[in-house]
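Alright, structures below, take your time with them.
Common to both upcoming complexes is chain A, partnered first by chain B, then by chain C.
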Partner chain A sequence: MSQFAVQFQNVTRWYGQVVALRDVTLNFQGGVVGLLGQNGAGKTTFLRILTGSMRPSKGVALVFGAHAFGNPDLYRRIGYCPDHDNFFEFMTGREFVETLLGIHGFAGPERARRASAALDRVKAAEFADRKIYGYSKGMRQRLKLAQALSHDPELLILDEPLNGADPIIRRDVIDLVKALGREGRSVIISSHVLHEVEAMTPHLLLLHKGRVMAAGEVREIRGMIDRHPHSVRLRTPRGRDLAAVLARDPRVTELHIGEGVVTVRTPQPDAFYAALPQVLLDAGLPVHEIESPDDNLDAVFRYLTEG
Partner chain B sequence: MVSPATAPPPPPAAPTSPITGLITAAHLSFRQFLQGPRKWLLLLAGSVFPALLSVFVFLEPKGMNHPFLQLFDQLYLQGAILFIALLGAVPAFSSDVEDGTIVYLYCRPTPRAFIVVGKWLGCIVPLALITMIPVLAAWPLALKQVQPYETTTWVADPSGTAVPRGEDGAVDDDSGERRPGMREGSPGKFVTMTRPSHRAPAQPRELFAALFASAAGAVLYGTLFFSLGAILGRPYLIAMAYAVIVEATIGRLEIKLYVLSRFVRTAALRSLDPVPRFFEGSLEFLPPAWLGWTGIFVFPLVFLGAAAAFSTWKSYIGKGV
Partner chain C sequence: MSALFDQSYQPWTGTFQPHPFRVLAIATATAKNIFRRHTLALSLLGGLTMLMTLPGAFVGLMISGIDPGYIAASALSTSLTWTCLLVLPVAGSGLVASDLKHNALLMYFSKSIVRADYIVGKLAAAAVLVLLPAVLSPLVSIGVSTYALGDKATAAYGAQLSGAVLLSVPIAVIPAIALVMAFSSCTRKTFLAGIGFAVVYLMLEAIALILTDAAKLKWGYLLSLNRNVLKISASLMPEMPAGGARMPKMPGLDLHEMMPFSPWISLAILAGVSVLSLSVVVWRTADAERRA
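What follows is the complex of A and B.
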């Protein structure tokens, strides 16, 4: 039996002229891993090959040592939460999970027991007996997770489970993924938002234009990012006053003033963030919002590809 | 290599049964069949046949040339069932592919071929039942055609003398009247014979034959459209609808689809003894009974097998790749 949960050997997948994955080779031992990539990076293709929905155009994709495509026995051990929000809308949430358990091959009371357990686990029990067409985005996310968990899989594949999720669901999903990791399950979770994945696992796999750009721990990738100047955007009604204060900060290398917005660039983001609250308090300047455009994945890839 | 620290793996997954998967897929398909506007469209398509028959019976209470069988064969069996099958069977699988919900089914241990067969069963059974409803609804109207439509034909009396030539047919020896339709030189004089041109479809055997033909037609056409939907996808529904409506109307596609309907007609008609006179003329053009029965069973198996093989072999390429 293979020691790896997932092995990709020179996996390539193309759609006509478009190459979605290029010569991807990787081994994934288990645990929780974040799959990061911009839209169109090949994340969903990667995950669909893992779930056996799609066969590679070239190369070999093995999950638990077995070929992923056309291997129904393997799918007993995999749970998949797709990124889209389409369901059998006429069903209740409970019927949906029970139906998929039935397709899985579970019958009778076992099906009902597993559905209830999965719905409880994702905190979907209270609305599980309502029709799906009335569900909010968050309820749908919970339901997708419930069906993925219901057969107790060893490997969970979650495609953008935090997309459009409100803060409560976000927290619940993050807690759930951490708990699944502690239980010894392998989880591959895709996202295009770095800090979301960072909250669940330090282990990352970065895809860019169908290639594995980097694989490792968050701090290594952060280190790569932090070697480059970092942008911080502050929204304030007193832009000129704030710019005057920040211009005196030695950590700031560039400064732009816009309509109610001051953007600075700094090569020492950690030190800058640590000092910023005190600087603002001392100056008595109101700041309504602080954001870092560089925290998003675009910036990560820009750094990696340009660096 | 991505190698996070791992805890001991959880116990292996519980064993499952693919037959349960197939039955659940059939149940799912049946529930989907009953959802949305499809069922109303199907009822509308099916109601055309009894509605038209009631008009015919109202206008010609003594019967035209057997409205029930005529409408059943030409309008229902070769027309309405086609549309009912198209509306009912194409979305049964292709809508899941189109919506992306198929991915929930494909990532399960039940083989894809079982899922396809389950989905087929779940739509084809209600489809066959639905196509029988208009036949049952039309049957009381058909029973009103109790009075046979009589025709008078002229036949030659072999004991008479040869019939001389006339301007518009042959000439009667006795009366000297011209009798259209008789050939010159037929032996003997003319006598008249009156007989019913059809038999009212009052026998239960004929009802069963009509019900069987409806169900078999629905299965045959339904499997064809289900398989096409599974292989080509739902956007092709529009193209297929166009092909059936336009091409069949102007008579090109009809010939191809007529081949399918011939199997049903053959099996249904040849199972009747005696065959309703309306169809007597058709029998010489229809293949033998065994071919009809073979066609009814072999064609759906071939179509369904193609759909199952295709879905097993094909990668699912959904939204957001």
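What follows is the complex of A and C.
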């Protein structure tokens, strides 16, 4: 049996003339690792190969020592939380999780028990008996996590789990990922935002234009990142009020107000992210979404490619 | 000192259900979802399909002595037409299209199933919704017409006819669902899949009629789903007792005369349509999964 959770040997994947992943070789033993890269870096292709929904054009992709593509028995050991919403809208959340457990081959009381446990774990139990079409974005995010966790997989693959999430979900997801890592599971989280990943794990894998640009501890690339100011985009119905509050924050160096959106730039992202929930609570302002366009990542990749 | 990792995770070591159970899970979820989304439409159209067919049964009641086999064939044909035109476009158009629309294929195929499980599950879901309106009217018609004749031998004959109808309807329904699934896998817009299927179905029936009636080409009937099913059904049906003709022997409607081909040819055509349609579904879902 392989000692590695994931082994990629010279994995290349192309779509026609476009190469999405180039000659990627890596071994991942376990724990929590962040897969970081900009849009189009090859993260999704990497994850699709891992989940077995895509065959490498060249090379070998092994998960727990077995070929990932076309290996349904292996997929019981993998939990996948996709980036998109993929639901049966006319089911309740509980029915949805139970259905997917049924597709995995769980039956009877075990299926119901697992669905309840997963829904409890992601704090979705209170709305689990409502129809999915009435769910908010946050509820849907929790449900996606519940279905990925419900069959108790050894390897969890989370594709942009914090994308567009509100502050409460962000905190819950971060806590959940840390807890899963502590339990001894392997977790791969993709993101294009360093600070999101950093909150969950110090281990990073940087993808850039289909290549593994760097792999290692987050502190090693922090120095590069911190030379560049960070953008944070907050979606709120009270943009002017939020801008007025954030303008008083000494960590904010630039501020733009758009249609329901406030974008700030800060050279101290850690301190800004740490203080933000309290600032919002004190001001009593609703924020529906926090995003980091993270143009600073571009600078890191530029730095790495230029050596 | 506290442990950094509690290592409490233990993988599941119990037994998993076999593939048919997983197919059933897909079928149940899909059928529930379609029925909940289209409860009113399916109930109305299913009811309408049955209503359209039942007048044939009353003909049986009124014209005592008519071969119930003829009534059964007529009811089967009418029921298939309305099922394909009304019920199937609603029940089947979203089978794959809604998964494409909601990017749900990845959700399915990241679970421990193969593509065949997915396709069979979807097909079974539509079959559950379509079989009742398709089969009920011919059965009622047979019941009424054999009751009208009112003797023991005819009752046994009616039971045999019912068996033949019960066998024939799935033979008709599976290719029709496979075809609507093929349409459904080619678009994210369910209404387009439904309309596309209904138009193609009607066109084939019309072309078959034109070729046979106007151009006097007997092979034209091989293009018609209904006629192929009736041909198979006729070969499954017994002869009417007490000198009754083999079904359906009525002036102007003798299938064996109209379609002088082996029922195996009809079966091969329907099987071919099913295989070809499901191949389209396999190709389209694989392609959509790759592009998702």
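Throughout what follows, the second predicted complex is superposed on the first by the 231 of 307 C-alpha atoms of A that agree within 3 Å, B and C clash if a C-alpha of one lies under 4 Å from a C-alpha of the other, contacts with A are read in each partner's own complex, and residues count from 1 in each chain.
In the analysis below, a residue touches a chain if its C-beta (ideal position, glycine included) is under 8 Å from a C-beta of that chain, and two chains touch if they have at least 3 such contacts.
Values in this document were obtained by computation on a predicted structure and should not be read as measured data.
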Superposed partners chain B and chain C on chain A - clash or fit: clash
First (chain B), second (chain C), both or neither touched by A:Arg77: both
Touched partner set for A:Leu26, first chain B, second chain C, both or neither: first
If touched residues of chain A are counted for chain B and for chain C, the larger one: B
Chain B versus chain C as contact partner of A:His104, first or second or both or neither: both
Touched partner set for A:Asn86, first chain B, second chain C, both or neither: both
First (chain B), second (chain C), both or neither touched by A:Leu205: first
Touching both chain B and chain C, residues of chain A: 15, 48, 51-54, 72-78, 80, 82, 84, 86-88, 90-91, 99-100, 102-107, 110, 147, 151-152, 154, 181-185
Touch list for chain A against partner chain B, complex: 15, 20, 26-33, 44-45, 48, 51-55, 69-70, 72-78, 80, 82-84, 86-88, 90-91, 99-100, 102-107, 110, 147, 151-154, 181-186, 201-203, 205, 215-216
Chain C residues touching chain A - in the complex, by the definition given at the top: 4-9, 11-12, 14, 16-18, 21-22, 24-26, 28-29, 32-33, 36-37, 102-104, 106-114, 289-290, 292
Touch list for chain B against partner chain A, complex: 1-10, 12-18, 20-21, 23-25, 27-28, 31-32, 35, 99-101, 103-112, 115, 312, 315-321
Complex contacts: residues of chain A adjacent to chain C: 15, 48, 51-54, 72-78, 80, 82, 84-91, 95, 99-100, 102-107, 110, 147, 151-152, 154, 181-185
